[in-house]
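Structure below; questions to follow.
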């Protein structure tokens, strides 16, 4: 594994930015590993959750954003609830996804990123999530065309997939919310 | 305030006055108390004066109404060395004044009987005169009758209708939160629907509005603020009326009178005036009951409440103690929190 | 409103260049006075502006002393005590903190410059900090110039 | 009749429609009237909060505002979906605590924040806290005695406790109490709050199958006949991934996964059709058969007793 | 008029090189009331001191200013000097022209000007000095020790051996405390009972010690040298003077109750001694469970008691004890593990605490020393220990380290490996902290010789699966999840303050920290004293501690207490607050700011005209006042003043700054 060259390999202010966005102090972590021990998906992660926090503490922005671990986070919040230092890890993972998305770095888990993208596109246009539409869009984006086809058929037969997307009257308001948030984020990105 | 409410109010005040007289007579008659302190109509002006009844006959002179302005709690100090119980007809501010003296152990709880009266506010003669376009000296008689303030001016035979009461209240009354007195032995007046409803309403102006002048001064430049206060302090006569009226200024030997140590020097020097008002304001900080007596008593009209309010505002923002003078709150300068702010330390 | 005049030599144009502020420092015996002593034994240099009044505890300092010092010609007042939690008498500095938080805001409200009052926690081992505080405060007060506002013309 | 604003959420229009149907059928039996929030939109769950804090807050705030604008005044919102519930709770709390965030969200919304007086409540919270377990028990006409039920709470119903707060985050009891009210036996099992990986169900099938297998295995080991849940994502995941999970462990779990409303509906005498059992992937038929047998046995026993 | 002498010291060149001594003496001679000015090369030297004594005689000086080094250096020296010349030692003031002048300034002109200011301030202040004397108060030569654990036992024995009477108050029916529950002790693996029980016996046999077991302190009045303590002796329902501890009663008693001493792992009877070696070996009836108290009949114990010691209608007894010093040794309690839902303590019987493990391995415990798991009595093969449960966890527990867990867990590992052949031990830890003599070696022994596997990481979850307990942890050194299927899980519980520690602190008038531990007067230099004179701390009531530290602290507290009791009388501080009763309004605003509770109200009578009136004023107890002066600022009417630092003196100094 590559050596860390400190402080050169760090991005100054990264830890502070993550702490601010996540609303929790990553420097409080004393690396006990309780988060990783209880994480349902840590076995599939390239870095354990406490290692992600450690990298953040050391401002290792590039290495963190290239990791897939935070994309795999299932947002179950077990880590936050059990952390003896009250570090809100789930919010840190949210923050890392947000920073990753905004910075345009290729996601360590492109499928998950594609899934989120599809989800949000449908909410933006219709105001609500249309599950069938999302699945279709996700499959195109992720090129995961044949996974779950059998399952989809079963769901369809049980009437669980709504064929016609519902659209709400306030969808323009919702689209406006998307636009304003994105504008704000773009403005912040410019400042950084 | 609607006209109907005022009509009811004047009837309630009449009833209250009668109730005060009756209860005072009763207490004196039965010798349960030695003296009752309240207000009576003055012979030479619109505002009531303090009245010290020691017999049922004298109790018939007690008055109630917006002309009963001066604070009464402080008179208890004069009586503290005598035997027997003294009753005080107490508006909210008087009751808080008595509470102050009790907390400061300056009067003996067993020798005081606090008779609470609901209060609609006490008029500010300067405001009333201004509203009528006259000088305060021209006001001869003010009553609240038949639905409105009625004022008789010097040289007039008949009283004429004046402005509504709530337009001529001093700021302390407008911000008053104790128009129903707290910590009293009993309430007088019985069922006074209009007065009780009025007294039960939230204050006409909230804390922030009451502190608007403090905020304005805070926003001036340091030199302008200095000029403002030096200008006022220059007019100060050192008569100590502010101290004498204040229920929180109740020391046996006042620091302002002390020769050894000599805290205060010659009155003509502006720096000494700063020292005087610094000592007065610091010593009542956190203990002020917001009755406004200091300002009312000042013969040259110094804005002394702006000094007191500055402390209450800072105590609130720094230590989170909103109303140190009300029951249930801590005295902010007799305690501390380990995590008090350290803004310049 | 006029401002009380100070002594002529302090006002003179020549003296202005040489003028140095005079600071009265109330130092608690156990921490800050010891810190000032340590600055001495360590031979740390700081401006000769400060006159230390030894008190047992910062909780002993009456805010009235502050006004008296300014009246009698001090340009600044420093109150120095043990760090919160370290008071030799457990709690004296906590009371001092409340008193001087209010006092500083109040003198500011009266139109004085708040920077004429400093309150600092200096422990017995902080000789450096004592010297630093005197240096910084001397500079800050020098910037304000002589105290004229509540100073007596004598 | 207690009136609630009702926020179904997107899932209840699709994969979780049986949750919606069964809740609407059950509500009047338990003295609840549900008034759907007009023109509600996505709550900002998963994709939004996972990638944009402000977007998630603004989307949730829009719905809380709509709830505040409901004719009939500001009422508590009943939020059956655990994810939506969680988002609305977190949003209320964050906006209450941080005025800076509040004004940021107001600018994103292009609207004032009016939702401060609105409280989102989860289904078990409403049933236990407002309706009361006794009232639930009284509505039971077909007691499910003999049925062993594993209550599965998952993540977002009980975490983080500083926002959810109505139940213990490590050892919750609320759904178990409801199960007990139906006459069934709640089983004590260790995986009540283990994550099933629902959010990754579509993208990371194998990973999720392992988590689902652990949970189903623990429920089976505890002797459960059925799992109940109050989360559409959990239900969908435990139901649709059960086949794959079984394959990874070389077994067929055969554990139906019901919404708590379906179990309550069954006990309160609602028909299988109105509870949409047909839309489950893991067949509910054996379970319904067992319920029938238990009922018959009880009647027989009761008859002897008389 | 004061007659002041000023003595300016050169301190060799230390002062003289920077300060122009000549100018200083010239200026001093002009200062008010100064009648004599001298300078010396070294004022602190014998010739320097002699010149002061001489000048006092020659010039009739009544006050002295020495301008020299810091008063922290030589104030006491010069107080003795002027005292020898017949002056009151407090009529002295030091102008610090070395540390605070010559050593910190290079400019000779400025330094000289400053030195003159400093002398002027000292002269102004000393003119206001008055002679001070300190008051004395007698000492009651008896100590009380509150708490009968190892700390209290040690302190009591040491004070008694020093020749003073000691009263020990213990609230449970027996001495021993937590140490009596332990099996072996680290790092030597001594048997706890073997080293503790002889000391317990020694306490009751010591002629100077009175033991009140099953008793509690109700109230503490008075002050150092003269405390008045009210003790409640709770009714045992047994006459202690008659009970022989034969055991007939508890053998026959039909009621079984979970034993507190065995932490619920074993049982006792409703009439009982907590454990066989209990001291005093007197039975106690647990009225909450005794059938006679619940239903009005039974009395089997009474029937079988040959000594006729059972007294069913015994009442609590209140006794008053006067003592000169108090040692507080009230100990700790275990952190309540129920806060950790994820570990399932209380839910799963095979998740136990470290202290419960002690009872399981203890030969006199409920399993007679065989490690059997509570659920099914099986001997566990795989045992997992989890450290820092409650400790170092702000979220669910306390932020501090409990100091003992690393070592007792190592001990548990060694004992497990010794007692269960072939057993496997895994220890989840965050850090291993072993600062103590032989501690690191002991830990290495557990890890290397006894084969305990240490895994660095906190456990997230413990749950049952097929008769095992699944422990879900992380090896943070590998960055991999670890799953251990264990037979028994032992949680290393942190130590927290007694639930009623704050109440005890308030009774005693001592301070406590945010966690409820009693606070020492100074963390380094006065570790066993409290801010209340005459009250000392021993053991874990002051903070988590192991046995060696507890005993050391108890010895220290005992020596402090004994030194106090050795004195005939106590001399109080001379520079203390005093009340001008003529000014005092009696408002008592000074009372809450006094950290020593030295101020109280007193009623005085005075003649006013022809009447005698009584009023209340503040009174300072000179034995309690430490002279901080906080009260003087709370006193608006300046009735309170601090001798040696009076308002007048400080004002004089301030005014002297700018002449």
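Going in written order, the chains are labelled A, B, C, D and E, and every chain counts its residues from 1.
The definition used in the following text is that a contact is a pair of C-beta atoms (placed from the backbone, for glycine too) under 8 Å apart; a residue touches a chain by one contact, two chains touch by 3 or more.
All of these numbers come straight from a predicted model, not from anything done at the bench.
The minimal number of chain-to-chain contact steps leading from chain A to chain D is 1. Across the two interfaces under comparison, B-C and D-E, the one joined by more C-beta contacts turns out to be B-C. A centroid comparison over C-alpha atoms places B as the chain most distant from chain A. Seen from the C-alpha centroid of chain C, the farthest chain centroid is that of D. Nearest to the overall CA centre, using the mean of each chain's CA atoms, is chain E.
Remark: chain B and chain E have CA centroids separated by 50 Å (rounded to whole angstrom). Inter-chain centre distance (chain B to chain D, centres taken as mean C-alpha positions): 60 Å.
The geometric centre of chain C is 36 Å away from that of chain E, both derived from CA atoms. Centroids of chain A and chain C (each the mean of its C-alpha atoms) stand 54 Å apart.
Looking at chain E, residues 342, 593, 634, 647, 651 sit in touch with two or more other chains. Contact with two or more other chains is made by residues 63, 68, 91, 95, 99 of chain C.
Contact of a single residue of chain B with at least two other chains is seen at positions 255, 263, 333. Taken pair by pair, the chains that touch are A-D, A-E, B-C, B-E, C-E, D-E. Within the complex formed with chain A, the residues of chain D that make contact are 10-11, 13-15, 17, 39-42, 46-55, 58-59, 62, 94, 104, 107-110, 154-156, 159-161, 169-170, 193-195, 197-200, 202-205, 207, 211, 240, 278-281. Contacts from chain B toward chain E in the complex involve residues 81, 104-106, 250-255, 258, 260-263, 283, 333-335. Contact residues on chain E toward chain B in their complex (touch as defined above): 582-589, 592-593, 601, 608, 611, 613, 616, 634, 636-639, 646-648, 651. Against chain C, the residues of chain B that register as touching in their complex are 214, 217-218, 222-231, 234, 255, 263, 269-272, 274-275, 277-279, 281-282, 285, 307, 310-311, 314-315, 318-319, 332-333, 336-338, 340-345. Taken together, the chain C residues at the contact with chain B in this complex read 1, 3-4, 63-64, 67-68, 70-71, 84-85, 91, 94-95, 97-99, 101-114, 118-121, 149-153.
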